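Here come two complexes built around chain A, the first alongside chain B, the second alongside chain C.
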Partner chain A sequence: MEMQKLRRRRLKGSPIFPKKMYAFVIPAFILFLTFWIFPVFQLFYYSFTNFNGINYHFDFIGFKNYFTLFHQGTLINSIKNTLIYTVLIVVGSNVLGLAVAMALNMKLKGKTFFRTCTFLPALFSAIVVGFIWSYVYMPDKGMIASLLELIGMDGSRFNVLGDFTWALYAIAAVEIWKSFGTTMIIYLAGLQTVDESLLEAGKIDGCTEWQLIRKIKLPLISSTITINVVLSVIAGLKAFDYAFIMTNGGPGKATNTLMYTIYKIAFNEQMMGKASAFSVVSFIVIILITISMLIFMNKREVEL
Partner chain B sequence: MKFKKLCALSVAGAMILSALAGCGSSPSSDTNSTASQDSSAASDQKTAIVTMMVSGTEQPNDFETQILPKLVKEKYPNLHLEVTKLPDEQYYTALKTRLASGECPDMILVQPKYAGSNSVLGLAKAGYLAPLDDLSVLEKVGKAGTDPFTYEGKVYGVPEGVAILGTYYNKDIFKKCGITAEPKNWTEFLDVCKKLKAAGVQPIVMGDKDSYVMQFGLYQIAANQIYPKNKQFDDQLTTGKTKFTDKDTWDKVLSMYKTLYDNGYIEKNSLGLSAQQAIQKFVDGEAAMTFDGSFNATALNAKGAKDFERGYFPMPGNDVDQPIYGAVAMGAGPAIYANSKHIAECKQILEYWLDGESDLWKAFADSGRVVVAYGYGSDQTNPLFKPFVDLYAQNRSFYWCNQGWPAGTENEMEAQFGSMIGGQGTKVADITKAMQAKFDELTAG
Partner chain C sequence: MRKEGIKSGKVILYFLLIVFCALTISPLLIVLSSSLRVPENMQSPLILFNQFSLQSYIEAFQKMNFPTEFLNSLVTTTGSIILVVLLATMAAYPISRIKSRLSKGLYYFFIAGLIIPAQMVIVPIAQTFGNMNIPNTRFTPMIMFITCSLPFSTFLYAGFMKSVPVEIEESAYLDGANLWMRFSKIVFPLLKPATISVVITQAMWIWNDYFFPMVFVSKSAQYSLPIGMIQFMGDRENPAQWNILFASCILCALPMIIAFAVLQKQFINGIAAGAVKG
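Let's look at the complex of A and B:
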């Protein structure tokens, strides 16, 4: 009797969330469609035109934009730079963040103070950080160059932002410096969920400190690792701020990331069509990377 | 309960209304009310509301947003000018959207030739601008001023003044190193650099990390090496008659500029210095010269670690037996939107503003925002700019190269030049080739 009642109720819809409630989604849904989904589809449309952002009498030019992108090598260069940058960010900010989180999870005097210090860089805006660091990296008179002089090395030879090989690593280092605090906080939250009794049991069984980390802590925070890695991957693939603020994509094209190149093509060269094509390609690249990442990470989580 | 419902309803209603108002309000409907209040006591004559949008940063007692509307109102009581000033990037975005939606302000700021996304040629080609050929002030502006604003024989904008590229130098260091006269040709210029370097002074500092500063030096050389020989060089690029790869044109300009890097005359770490840091170094007396524009005069004259007297001369990119030319370009200026309902009123304002003698012109010249080239104020320019204004008056100056190119060509030049001085194995020929390829790509679109 009770079961029947329940079934009937389910057929009618839940009393807490009646079907007509869906109507309330419509306004938000319309806004979402007009300001988000529709423009994204327009991007595909514009990528087949030679639209310049001003003149609406544009022509359809088929796949020409895509062909030029592959021919010119801009695409390959940008993808390469972005991938290097992403790998650096993911490894750097996660390893550093995890290490600091573990250190700050111990019983330590002034723990809160250190936690605050580590998180401090994350509170500045990218513009401020980029500006400060361009003075840290400044040749001759910057902070690092002066320190090098102080220990008797030739500081005038230190010029990372002007160096074709090092510029990308230099701006990645800044991003790591800014972001590892956030990563650390998430790891810290994860580590605090690890049950103390498991660690004690491990210790009684004679685990070394490394074994405790490897066999107990890491498996238990694997979902935190996934979140952090995915967040850093997204941040890395979206890299624009520091390439724009600190190096202007230079020297040469050494720090042209995907997003920076799109910006340059769209707003400097005013080739909205080509920029749209570039965005479409980046979209596909990013989707592919994210999907393979998620599949890999989910498998890992289960294994751990 | 009922009360709560009523409250919620009214709040929701207010929100929807305000959202709608935000979307739908055109500038004129907003301002109608204030304007009618202004002239409530005045005659029944209809007040025309003219809107204008310009780019830049608003300053205290700003010329465009405060002085201009006030003086226009004084002269023409039934003209109400509304000026919006937006930072560059926002201005471009706002302009594009408003043009696309057909709600463009009556007057907008345009840049000469192909410069920027508000380039006069780009906008005129798309049919967004009204021709201004019947303006009488055009005669005062002169052909040199109107040429960069001409598309298919019609003038579509009026330059407000000129902007200069030159070489700022430290007079004290020059004196100390025994350099008495400003160099007058390329050989003398190299000589000066050599003397400075021998005396242990860094001759030139540039902030090439902000690669746009490369244009400051290169365009001065181009004004001496390319345009005196062929005034039409940039126009002929479009027809294919000239090419960046032509011998003794850009290859010469680029290799001349490269000499300064090869000999260490320009600071060797320049690729790691920002434009601002370079200015700081110059102001602190750590380098004798820097290439920069009239638009940065305030920053370059600011007090630094050392006090010294500044000089400003056109970089002599000319050969020994050739006269010197300056890189003096037309600045941006107002243009009128083709579908404006107030074209006649706009023209009235421009006639008054740019006539070289009116109160409005005087206020404009005194604001010191641009270097005015005619009428009141042109005789009392900043003494630093005097040599350039003289060159301009003698018709011995040329516009900045990028104004003649579709935007983006100069970025390619900068990136490639950076690769060359950064030791990436890029050759001069590679740069000219890349510039030509970019130019072709941009003009084809």
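Let's look at the complex of A and C:
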């Protein structure tokens, strides 16, 4: 008898938080499933067809889309570009963000001013940022070119967005410019939780400034580092904006990121089947990187 | 000796910070100074603040149809945020209150959405919209804004809700409050810090997003501010158009800058809390 009562109670859940509470999830669940998760599965389906986005009488063509992608080399090139871009974003945003946060964490006058300056770019829309930096990078008349002229160098030869090697680094710099302020604010919040007395103890024991940072501050904010790195990796893998607004993936294929290539195949070439195959591969790449990163970061956090 | 070392260290630090900040905002300063020139003024943009005129702003204002675009942005952002807060708090409530496999599963189900990029799934999404006969209006992107905001918001609310003591709800239960009353009158008000964080972070990306409006809004009269900027795409190569282009850049960003100036504390705390709790 007792057992049965207990069982029944467990099935119904506790009286304060009954199972029917799950009804609260339904609206969000339906929206999320229909417009975010279900489309991912549709990608797998479309990737085996020659669907062009307009004509619904499409054929199944097996793995042909996948073969074409590997043969053309677009896939490997885009993966390579996206990975380079991601590494640049992760290192750039986090090093700059952490450095500025550490400086601002000291007792300084004008802290709010410095914080505002570094955060300001985060308020702008990516499209506006793209326009502004198109001017900054413009050959001949742009900001950097004019500055080079000013100090007596040949500004007309400065054309970073038209350069096969440097274009990718140039758009990554734009993304870092826009995002490191946000990273900095998160680091600042993490640093403020570091116990002053630990640093005092370290100083009394004769630690150098670098030892204080390496042995006390960094280990204590390791969870903040994890969050910021994860956020930058996710942002880097999604790289699209500046390849779309500033370079159109060019010169050649130098700034084709995964997401920009998908967009180009789908909307410019109108090949939805091929774009879907590309998306499927991208998705697998993104999942693999995210999972291995989470495993690595978890291990690292324990070690520190 | 030591004190002096610290003092000179501070001077160097100030110097580095000032140089760094100047470098960071230099593109913005140039944009601001050029936007304050008359459109015909084609002096080098590097000469800062040598003319103050609102002529370029007036032309940009008309060209981008600022009042309409501003209203479109305002309505879609506000509407999306209200619905996100409602849906995400509701979803997080059972997920954090009932300890079961289902809750855990739902939690990871929502988080998984964080890593899916919009550009990747846009083709099937557009197909789904077509199949459901959802027309392209200024409100259509809201569906995607809400959907894309759910993972982060649900995640954050679920984390915060754990800090709301169960005891408060137990006593309310004994006083006869039903589920909805407990949720709306007791739990929701206690989530205010999380709500500030969700509103700030999500409003920042929704207000600035141009991708979903680009795909889902067809009439230019229904454009929001960022997507309205696309018409200036050709002007960035043309120095003769720079002053107007820069004025439109400032106009586009102005509402966000004003919001930041007024709510600076909420912005900083909201962003930090969003990441730290998450």
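Simple rule for what comes next: the second predicted complex is superposed on the first by the 289 of 304 C-alpha atoms of A that agree within 3 Å, B and C clash if a C-alpha of one lies under 4 Å from a C-alpha of the other, contacts with A are read in each partner's own complex, and residues count from 1 in each chain.
Rule of thumb we're sticking to: a contact is a pair of C-beta atoms (placed from the backbone, for glycine too) under 8 Å apart; a residue touches a chain by one contact, two chains touch by 3 or more.
The structure presented is a predicted model; accordingly, all values stated were derived computationally and were not measured.
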| item | value |
| --- | --- |
| First (chain B), second (chain C), both or neither touched by A:161 | first |
| Which superposed partner A:198 touches (first chain B, second chain C, both, neither) | neither |
| Partner chain(s) touched by A:87 [first = chain B, second = chain C, both, neither] | neither |
| First, second, both or neither for A:148, with chain B first and chain C second | neither |
| A:134 touches, of chain B and chain C: first, second, both or neither? | both |
| First (chain B), second (chain C), both or neither touched by A:79 | neither |
| Chain B versus chain C as contact partner of A:212, first or second or both or neither | neither |
| Touched partner set for A:250, first chain B, second chain C, both or neither | first |
| First, second, both or neither for A:240, with chain B first and chain C second | second |
| Greater chain A contact set [chain C / chain B] | C |
| Contacts on chain A seen with chain B and repeated with chain C across the two complexes | 53, 134-135, 138 |
| Of all residues in chain C, those that touch chain A in their complex | 10, 13-14, 16-17, 20-21, 24-28, 30-31, 44-46, 87-88, 90-91, 93-95, 97-98, 102, 106, 109-110, 112-125, 127-128, 143-144, 146-148, 150-151, 154, 166, 169-170, 173, 179, 183, 204, 207-211, 225-227, 229-230, 232-233, 236-237, 239, 242, 245-246, 249, 252-253, 256-257, 260, 264, 267-268, 271-273, 275-276, 278 |
| Touching residues on chain B, where the partner in the complex is chain A | 89, 92, 96, 99-100, 117, 122-123, 125-126, 128, 208-211, 269-274, 277, 406-408, 411, 414-416, 418-419, 422-424, 426, 441-442, 445 |
| Residues on chain A engaged by chain B in the complex (per definition of touch) | 50, 52-57, 68, 134-135, 137-140, 156, 159-164, 247-253, 264-265, 267-271, 273-274 |
| Residue numbers on chain A that touch chain C, as the complex places them | 13, 15-22, 24-25, 27-29, 31-32, 34-40, 42-43, 46, 53, 100, 103-104, 106, 108, 112-128, 131-136, 138, 141, 143, 146-147, 150, 177, 182, 185-186, 188-190, 224, 227-228, 231, 234, 237-238, 240, 245, 258-260, 262-263, 266, 272, 275-276, 279, 282-283, 286-287, 290 |
